[in-house]
Amino acid sequence: MSTQINAAETLLSVSTAPYIKSEDTVSKIMWKVNLALAPAAIFGVIYFGVPALINIVVSIIAAVAAEYAVQKIRKVRITAFDGSAFLTGLLLAMCISPEMPPYMTAIGSVIAIVIAKHSMGGLGQNIFNPAHIGRAALMVSWPIAMTTWSTIKTPVDAVTSATPLGILKLQGYSELLETFGGRSELYKALFLGMRNGSIGETCTVLLVLGGLFLVWKKIINWQIPVVMIATVGILTWVFGPEGFFTGDPVFHMMAGGLIIGAFFMATDMVTAPITKKGQIVFAIGAGMITSLIRLKGGYPEGVCYSILLMNCVTPLIDLVIKPRIYGTGR
Amino acid sequence: MSETHDTHAAHVEKEYSILQIAMNLTIACLVSGIILATTYFITHPIAVEKAKMLEEQAMKDLVAEADTFNAVDGQEGWFSAEKGGSIIAYIVPSESKGYGGTIKIMVAVSTDGKVIDYNILSMNETPGLGDSAAKDFFRDRIKGKASDDLIVVKDPSNKENVQALTGATITSRAVTDGVRAAVDEVTEFTGGK
Amino acid sequence: MKVLKTFRGGVHPQDSKSYTRDKAIVEMPVPKKVVIPVSQHIGAPGIPVVKVGDDVKKGQLIAYNDTFITSSVHASTSGKVVDIGVYPSSYKNESLAIVIESDGLDEWAPGLPLHRDWESLDIKEIHQIVRDSGIVGLGGANFPSHIKISYGPEKKIDTFILNGAECEPYLNGDYRIMVEHTERLAAGVKIAMKSLNVKRGIVGIEDNKPEAVKAMTEALKGTDVQVVAVPTKYPQGAERMLIKVLAEREIPAGKRHSDIGVVGMNVCTIHSVANAVISGIPLIERVVTVAGDAVAEPMNVMVRIGTSFKDVIEFCGGLTKTPDKIINGGPMMGYAQGSMEVPVVKGVAGILAMTKEALCDGEEEACIRCGRCVEACPIGLIPSMLSILGERGRYEEAKEKFGILNCIECGSCSYVCPAKRNIVQYIRYLKNLNWEHSPHHK
Amino acid sequence: MTEYLLLFISAAIVNNFVLTRFLGLCIFFGVSKRLDASLGMGMAVTSVITLSSILAWVVYNFVLLPLDLVFLKTVVFVLLIASFVQLLEMVIKKYAPALYGMWGIYLLLIATNCVVLGVPLINAESNFTLMKSIVNALGSGVGFAIAIVLMASLREKLEYADVPKPLQGMGIAFILAGMLALSFLGFSGMIKI
Amino acid sequence: MYTAFMILVIMAVVGLIFGLILAVANKKFAIESNPLIHLVEEALPKGQCGACGYAGCIAYAEAVVTDPDVSPSLCIPGKAVVAKMVAELTGKAAAEVEPRVARIKCGGSADKAVNAFRYSGIQDCVAANYTQGGHKGCKYGCLGFGTCVKACPFDALEMGENGLPVVNQKLCTGCGACEAACPKKVISMQPLGAKVTVDCNSRDKGAAARKLCSSACIACGLCVKNCPHGAVKMEDNLAVVDPHICETICTEATCTAKCPTGAILKLM
Amino acid sequence: MRNLWNIYKKGLIDENPIFVLALSLCPALAVTTSVVNAFTMGLSVMFVITANNVSVSLIRNLVNPKVRVPVYITSIATIVTFVELVLEAFAPLLYKELGIYLALVVVFAIILARAEVFASKNKVIPSFFDGLGMGSGFTLAMVIIGVIRELLGSGTILGHTVLGAWYNPALIMILPPGAFLLIGYMIGGLKIYEAKKAKKLREVDAQ
């Protein structure tokens, strides 16, 4: 082959350096997160049955379809299949009760994509976590549906239709232990996911494994989940029901949506601070608000709101916490 | 702006003394006072009348059989519902803390210590959720119960006690507690007599 | 070996050095025609001192300027000047150039090469030789070297750094000089230190080139010069990073290395300085690493200034595949060329011919704020924000709130960005933007 | 003490003025475009509410209540506050020009605004003591400041986003407020006053 | 009656106090603001285009009211109507505002002009221009990324199908924002009444220009010869029309007839 | 007549106090949970704004410019208190529902703005129509918001079930977040409409 390459179709391409790029792409990242969530989602389907499956599928389809439609209407590039809308749909489904009527789930997904994501400009520009906006909107719209849970058998053969945190809030800690037949039984149930709750939040072990996969793949920083979970642990231990240092941190760290929230939702880079230091502040704040709502609030669980509330502080955090610029005093 | 300006001259600044300016406003206020005073004297009696009528009506709704209602001496806000001269019930105010803040209720308690009915005066519960506590179907769950039965349960088969509103246990409890407190007060009041 | 504190950020692209790491430098034969731009450096262009039709000899001065910030240009071979006109160039798009048709004899100008005992020269003489030899920074900056090398006393310079990091992937020119011309280079280091009147000298070499470290240590034994292996991490070779690691000083924002008493120079530059001072040879050729997956035979070539890219590639066996890009320099900081007719100038350290597959480029997407660029930026900027401001033409904010002027355009941020954002281009765009006439200024 | 603390938190966060009680929206949307302006506005509102609450409390409890002229409170409060703010502006401008530069410029903007009139009216309606009025006013002001500063930081950030054209400006501001309100619902039911 | 009396007393006292405070305030701290500025601003078209040389319409309004040396006819988009209004408001004499319109001096559409290389990166003319001058073979031609379109405050520009911007003469106010934005200086402001325009910006010599673009001005000089009024000149290998001669003296454009490449265009 | 119609008309859409001017927003969100409340509030404001415009226009030449604003405020406050007194006497339940927002009508920027911008410069009749127009625009906006919120949030209109038992009311619509979101998108919708109209107008203008 000669060096004669000036025919029109072989014109050289000119752009600005660098010319080599790392291999990761946005789409690859999104699908990896989906992959990391898959085990816990599958567990949810097995444990809660067909309604859970229907909700997951409906939520994902609604999210992707909504993204496609909005991008068509806005006449921007179609990126509906890059995995991010899929992820929003999946996460939303994993944070709601398996008994949710699917049409409500679909509305939640559409709210997440259309209102929370595309009203602010689409991928990367939203301020609030779309899945959580969807969940919070469903919560205020149909609170009864959102707090109607599956009926499951507890380890002591009692039938319950309440989540552990729900039992704690309305009936107290001793009732909770009684329902599960002791502390270690309770921990085991929480760890393995044999308990009531949202579709994807129950199985602590699978969620943590998925999270570690993301840490290993350098998709998320370990700081956010660790700091957030630790903050909740410490605060719930210190401010226990019978005075200082009487709480049950192990329970609180595994209960509710904390694990999935800390590993998969507080880490949503779009809505979290961009610097590591900022992320730590974010995680501490989210942990504090979660504990506050669990211990003092009107709801049994506060992960969703704590993340949303910290989302609104993110721009301020980013404004204040910046890396030191080389060669400047600060 | 596309407004029509007819008095540009008014904008030309002139010098005024302090007193002149102050008097200008004072006169405006005086005129306002006159208008308001007149209105007040016309509407106030009507308003008082209306308020009283409403109150009567509300009490009438609570205790339908009664023909007269009288304030009870020494118990602020209490009324006795009388039929043919004899007291058949007491209407007492009560309050408790609900989901969104204080809930104020008026409770009609029969002289034998049972709830006849109640009426929510003010509350800040979630519309469509907590605020169903004012609806007939929930009032029916409380009517006729004595103090000991006024306990909220979440078990649909239990008819003895008060079945909670779906999704609004806190409100249900608050209202029930408020009613029970009223019943207890009445029992104490009548028992003490 | 002492453990060095590294700088913040940086990236680890695949170094792709193995293509030519072990290939000795090959002298390329003189081409038929050389096109020598009179502007190959920062500063005033040289003014031609020859006319069309003149006969010139190898090493003869052909363009010169009186001002201080400029550099001389020499004929890189003997022959006839056939044209003086504007030609496309690999530096500054286009430039006035002197075209010499080679006579094939490659005759030296009278008296060249010579041999000088550099130790007997005084500082002023060294400065003059460097200036007359047309030496400019070959590490990428193209800044006239006589200015840097004469900072010495008046700028209170106390440390000289030889920049042997060569952190750009693919490139091996500096490495080959260090292992093949060790003695000359070591002499160059001493010359530079004498010229700068400093006692402390440090040679910084990335620790993926152990042979170079060994050779340089050997050659500089018994001097005040320390040879240090620095961690391999891009952009270790950037002056600011290297000085931070080696001298543990930071260059304050808006200042240059000389303001904190350090002068750093590139291996090839110092090699040329040594050649000029000892042998009187001006800068007429340089090492160019030719590599990339479209090149038949990657190698390190000693190329005469003015040789066209096409000739160089042909010397390396031509192209085996249709390249998507021909890059002047390395893949991180180089410049893709629109044509292969451009000449090699002093600053060309590499010619890479790469196919689409090797480039791993994707369509640009919206920033997902993943923070990888923030982690990667050695300066501590927030590149994602700079790119977003770039999209909207907001220069003022980029300058006031996000310190855009501190950016060294190393490309680490664009490299790591999963959204494939053209961050560096946005930064350049903003820096170039004349605010008043910005289309976004409404 | 706890009572005051709870009142404060309730006013500032749980029942945030702007996000759950809809007061002061005009300035909330009008002045939240820039962060520094919103900070100044937050401070100005807080101090004006607090001071005018004290004044209004005095007038209400020592003039209007004894004379049984409660219905005049709207007229009297609004004039009182307007004149007071005017005076405050004058004084600050004259004696603390630095302070004036920071937030004095916002004073006149809020002289006749519903948040500043609303708090004294609520205090009067709830029959708060002087101390409670002050705490309630401070809490409301701080809550307003939090909301407007957050809002401004979000709006500044969205200046760099591809918000669809029709939603740019006011539209997206309302949508942001909606999501802020949604987030603040997390605090609902936390403190029951 | 007592109540009625008290109402009046309270109202009177409140009014008096407020009145006094205000009166004192006004005496001591009167701030003079010139209402004229507001009126002038209202009269301006509010394109915020900066054609007047000020940072937006308000700035110009302020300047024209406060500074007697500032001409009332600087607002180009406003044309003579606005200039007259501003002049009336400020009591200054309005100079003639010549109606101008933007013209694109490049005919090198995608099918006519040759590319030197492919460009990828920021889709913006300024950005492309400093990446080796952009992808076009002709270094003077329009790059077609529509930076001018974005710059137009009046929505008067659109990107045509052939990769060249098109001016909507109905909407163009002649403000010149596009001219300033274009890195290739392909756009120029010309009088509305000109009869012809040169549709090329290339200063390359004839042969070179022809190689790069089939609609380039090749500096053959036929148009110069064919203009009876001497309105066309050859400058730096490019035909240049004197717009004033063309607008005022010329009755029938003859210069365009012989152009071999169609680089000089007759306007309606 | 045409002129008066134009004065009246502009308040409806082009200068709609809520959607376009973004003034007096608090009641637009606070009392629009039901159509009745929204409508009553709208009417009250319409009355106040019209009455005040007339009153201001009447006294505009008597008022000292230095105390223009306070006098207008007094006038507004008087009218509002009048409305309060009347409502309290004749519709006590509604009065309670509107709560504090009725008193807050005093400080609605739109009322003072109309007094300043229009009534203080115009004769009584145009001022009357201006107030009526602005008030109608306000009422219109309130009722539209009220209809949507009540319909979606409770499934009813004016208290009558419209959407039937199958509809599961979305509480968000009668809670603060829904109100904000709804108005946000309504403003967006209006902008699309305005932009289309404006472009057409300018093209016609140029010809």
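Think of it as A, B, C, D, E and F in the order they're written, each chain with its own count starting at 1.
By definition in this document, a residue touches a chain if its C-beta (ideal position, glycine included) is under 8 Å from a C-beta of that chain, and two chains touch if they have at least 3 such contacts.
The model shown is predicted, which means the values in this text are computed figures rather than measured ones.
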Chains touching both chain A and chain E, listed by label
B, C, D, F
Touch-network distance, chain C to chain F, counted in steps
2
Name the chain whose C-alpha centroid is most distant from the C-alpha centroid of chain D.
C
When I count C-beta pairs in contact, which pair ends up with more: B-F or E-F?
B-F
Dist(centroid_CA(chain C), centroid_CA(chain D)) in Å evaluates to 61
Chain A and chain C have mean C-alpha positions lying a whole-number Å distance apart equal to 48
What's the distance between the Cα centroids of chain A and chain D, rounded to whole Å?
34
Whole-Å distance, chain B centre to chain E centre, using C-alpha means?
67
Touching at least 2 other chains, the residues of chain C are 335, 337-339, 361, 366, 422, 425, 428
Touching two or more other chains - residues of chain F
66-67, 70, 74, 77-78, 81, 85, 171, 175, 177-178, 181, 184
Among the residues of chain D, which ones contact at least 2 other chains?
71-72, 75, 79, 82-83, 162, 164, 167, 172, 175, 179, 182, 185, 188-189
According to the definition already given, which pairs of chains are in contact?
A-B, A-C, A-D, A-E, A-F, B-D, B-E, B-F, C-D, C-E, D-E, D-F, E-F
Chain A - residues contacting chain B, complex:
143-144, 147, 170, 298
Could you pull out which chain C residues touch chain E in their complex?
93, 335, 337-339, 361, 390-391, 422, 425-426, 428-429, 432-433, 437-442
Can you tell me which positions in chain E touch chain F when the two form their complex?
15, 18-19, 22-23, 26, 155, 170-171
Contacts from chain C onto chain A in the complex sit at residues 7-8, 11, 13-14, 169, 240, 244, 250-255, 310, 313-314, 318-327, 329, 331-340, 354, 358-362, 365-371, 374-375, 377-382, 384, 403, 406, 411, 414-420, 422, 424-425, 428
Enumerate the contact residues on chain E facing chain A in the complex.
115-121, 131-132, 135
